[in-house]
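What follows is a pair of complexes built around chain A, which joins chain B in one and chain C in the other.
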Partner chain A sequence: MQAQTRNRQWPWVAIGLSLAVAFTLSMVSPADSVQGDLVRIMYVHVPAAWLAYLAFFVTFVGSVGYLTTKDLRWDRIAAASAEIGVYFTGLAIALGMIWAKPTWGVWWTWDARLTLTAIMFFVYLGYLALRRTTDDPVIRAGRSSVLGVLGALQIPLVHFSVVWWRTLHQPPSLVRPDGPAIQDPLMLTALIVGVLAFTIVYGSLMVKRIELIKLDDQKAAIEQSIERPVAGEAVTVPDLGASS
Partner chain B sequence: MTTGFWHQVSAVVHRDLLRERRRGDVLWITIPFGAIALLLIPLAVGTDAILLRQIGPGMYWVIVMLFGVLVSVGKASNETLPQQDASALLGLDPAAGFVGRATSATLLLLIFEVVVGVVAVGLYDVSIIGIPWLIVTLIIVAIGLALLGTLTGSIVNSTSAGTALVPLLVAPLSVPLLLGATQSYEGLRLGHSILSWVLLMVAVVLIVAIIGVLTARPLQET
Partner chain C sequence: MKRYWKFIIPAAIVVIVLVVLVFSLNSSLVYFNTPTELAEQAPGDGRLRLGGQVVAGTVTDTTGGVTFEVTDGREAVTVVHVGAPQQLFQEGVGVVVEGTWDGHEFHSDTMLIKHDENYDSEKYKSGDKSYELQHPSGDESDQA
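After this line comes the complex of A and B, so read on.
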């Protein structure tokens, strides 16, 4: 019993610890010489955007996995990851807008990275909407896995948009051929720890969400197997008194 | 049906075009709908001739994307379950069915593009430049939209949301085609090379075609 409770609690402990460390580091890191304290949004915005890529890539892997093996476990991974990805994409967009208003003077600009990220958000919103249209887990998995593969086309477009087009959005901060753009060691550490903390959050949420989807599928299977009264069973033939 | 792949494709194309000739969905509904949309835009943004000439090409491509997808989706999602079962029992290769539906949708989309294009030229005074490249762009966009619409139509077929879900799925996915088409026209207008945009559209078309052919059977099984 105690072991079970420990098993249930470890994701929340991991999330709490990692976020606490990331938050502390982002607060003690120096303010930017140009942006001032506004730069602290980056410590949540960049990890959220990273999680969006990671989550949608895992959705792609899960979709391919289902299409090749027909194992519903792959579909659960894809679905859970898409849900988390949509949430973190929305968070990255919202934080980007909050940062853009004081920095660029507008909430939104028609920048390639911003626009394509918004489009990616809608692609996966469509993926989640598609999943809600079918109750049968096998049919749902077959259809959504095709969309999961198709939707992955957006991921490289979004990531490389700042390289391929001359955009207002800055190029990648961490993953660059000539090393990270951030020179201050404390800022760089805070950012890397933030990315790691969000990845732990993602992993923990994935475990929980996959469990929930599995339970949902089991519940649906039980509901289908229970013998239910046939529609119209309660209706009886009216006695018209013909026998008398 | 034990004939070859391409014979099956041509049979599906023939069936779809025959159905279109009888029902006239594209000719009598989608094309007039697109033309009305082109007519409504100037009423909303203003009727200044210079402005309309400027926004005309972009508006044309947006109309092609949004309305054109209805053409291809209709072909894919109008099949009822008994019709699908009959096709499967006849031994129709799902990949041939996909290619056939996409081909007929491409042909209908080309008609849609040409008719709506004539309307756009008339209403917005859009200048036609670089005709060979323009034809190439029209063909690639028609193929790309047809493939995307056919694939998403197959995905949503017989779901509770039906075709209502398709625009949400197709509109974001067709963005590379929209970008390629509009930037190609802009490139032609400015005298720049449009090869990179054409290659982007061709790459999208190839990827969607491959995904469509490979997933045709799993989708039929669901």
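After this line comes the complex of A and C, so read on.
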């Protein structure tokens, strides 16, 4: 019998507190001189996109870790991180669309940044689907690690798409060679705190998701050890000869 | 041997998708033409995208829309736009317009705003840097 998995509660408190602080700052920070209040979408859109990169990078690290050590703990990290990454990629896309309509004038357009982000979203959805193609944890870890490594090639591609190609999406405001392009210190603080808060949310979700994967693995191990009747044993042969 | 293929197939699909995207679609990853590129292009019926900054003082309302000049800092092209301009349309803002090029005017029916990566509040921009007063090295009497 494996050691009992802990059911930690602090991640929920951490998520609640960090989101409350980030939300408050995003609301008290001033409106933008061009966009007005629309700029507040940035305080969620940018942190969500950052988590997508971070999560898929951790999936990459977990995949490399599994391929080199063959230790399933690395695979659990990769799997948990990919799920969180897919969620936040979807969130970044949805918020981006809500932001794009009133600023750019369209919900969606096929520029390099948007197209590559959509592809990244679907590749990692594919990663999650690939994990469901087998019940064998070792085969599953092997297959998904390969995709986890290859998929990570998209992270720099998506991030630098706005620098390498001419796009409708604007280049980065925060991480730039000549410093942030956000002048007002309160606006800059709101964005940085938002990024930090979402990073705490990511860490907390990872702790809870890995707990859940361990429980799932234990459940699968228990189910395999139980002796079960052969499938179809309860079915009796219908008595077809009686009526004739 | 069978397990070997299970690694190769997903790997090959991802690599092919990435290679196709980055290399053969390289030209379509360029979202719009600059006024300089447009000026070198022969007029035609093909739909193009033109991007640049709206030149201050050139915006004129017309019955069906608006005309203005778009520049990349080197060339300026006159855009005749049909339809309502976007909410954030103003002098100096980045725009991407879609339409046809007749050799001296660009006839557009679709306008997108390309806002830049700069953000600032009205108050801070106007020179009121009052947040700095709350810094410990600033005026102490404020906190007393």
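In this section, the second predicted complex is superposed on the first by the 223 of 244 C-alpha atoms of A that agree within 3 Å, B and C clash if a C-alpha of one lies under 4 Å from a C-alpha of the other, contacts with A are read in each partner's own complex, and residues count from 1 in each chain.
The definition used in the following text is that a residue touches a chain if its C-beta (ideal position, glycine included) is under 8 Å from a C-beta of that chain, and two chains touch if they have at least 3 such contacts.
Here the structure is a predicted model, which means the values were calculated and not measured.
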TODO: Examine A:G194 and indicate which partner it touches, taking first as chain B and second as chain C; both and neither are also allowed.
DONE: neither
Open item on the list: Tell me which partner touches more residues of chain A in the superposed arrangement, chain B or chain C.
Closed with: C
Open item on the list: Quick check on the superposed pair: does A:G151 touch chain B, chain C, both, or neither? Answer first, second, both or neither.
Closed with: both
Task: Which of chain B and chain C A:L125 touches, first, second, both or neither - done: first
TODO: Considering only touches as defined above, state whether A:G65 meets chain B (first), chain C (second), both or neither.
DONE: neither
- [ ] Check the residue A:G96 against both partner chains and state whether it touches chain B (first), chain C (second), both, or neither.
- [x] neither
Open item on the list: By the touch definition at the top of the document, which applies to A:V106: first (chain B), second (chain C), both, or neither?
Closed with: second
- [ ] Pick one for A:V138: touches chain B only (first), chain C only (second), both, or neither.
- [x] first
TODO: Please identify the positions on chain A that touch both chain B and chain C, taking each partner from its own complex.
DONE: 116, 119, 123, 126, 130, 139, 142-143, 146-147, 150-151, 153-154, 157
TODO: Show which residues of chain C lie in contact with chain A when the two form their complex.
DONE: 3, 6-7, 10-11, 14-15, 17-18, 21-22, 29-32, 51, 86-88, 93, 96, 111-125, 131-132
Task: chain B partner contacts - residues on chain A that touch it in the complex - done: 67, 116, 119-120, 122-123, 125-126, 129-130, 132-134, 138-139, 142-143, 145-147, 149-151, 153-154, 157
Open item on the list: Under the stated contact criterion, what part of chain B meets chain A in this complex?
Closed with: 151-152, 155-156, 159-161, 165, 168-169, 171-173, 175-176, 204, 207-208, 211, 215, 218-219, 221-222
Task: chain A residues touching chain C - in the complex, by the definition given at the top - done: 29-35, 39, 42, 102-106, 109, 111-112, 115-116, 119, 123, 126, 130, 139, 142-143, 146-147, 150-151, 153-154, 157, 161, 165-168, 170-173, 176, 181-187
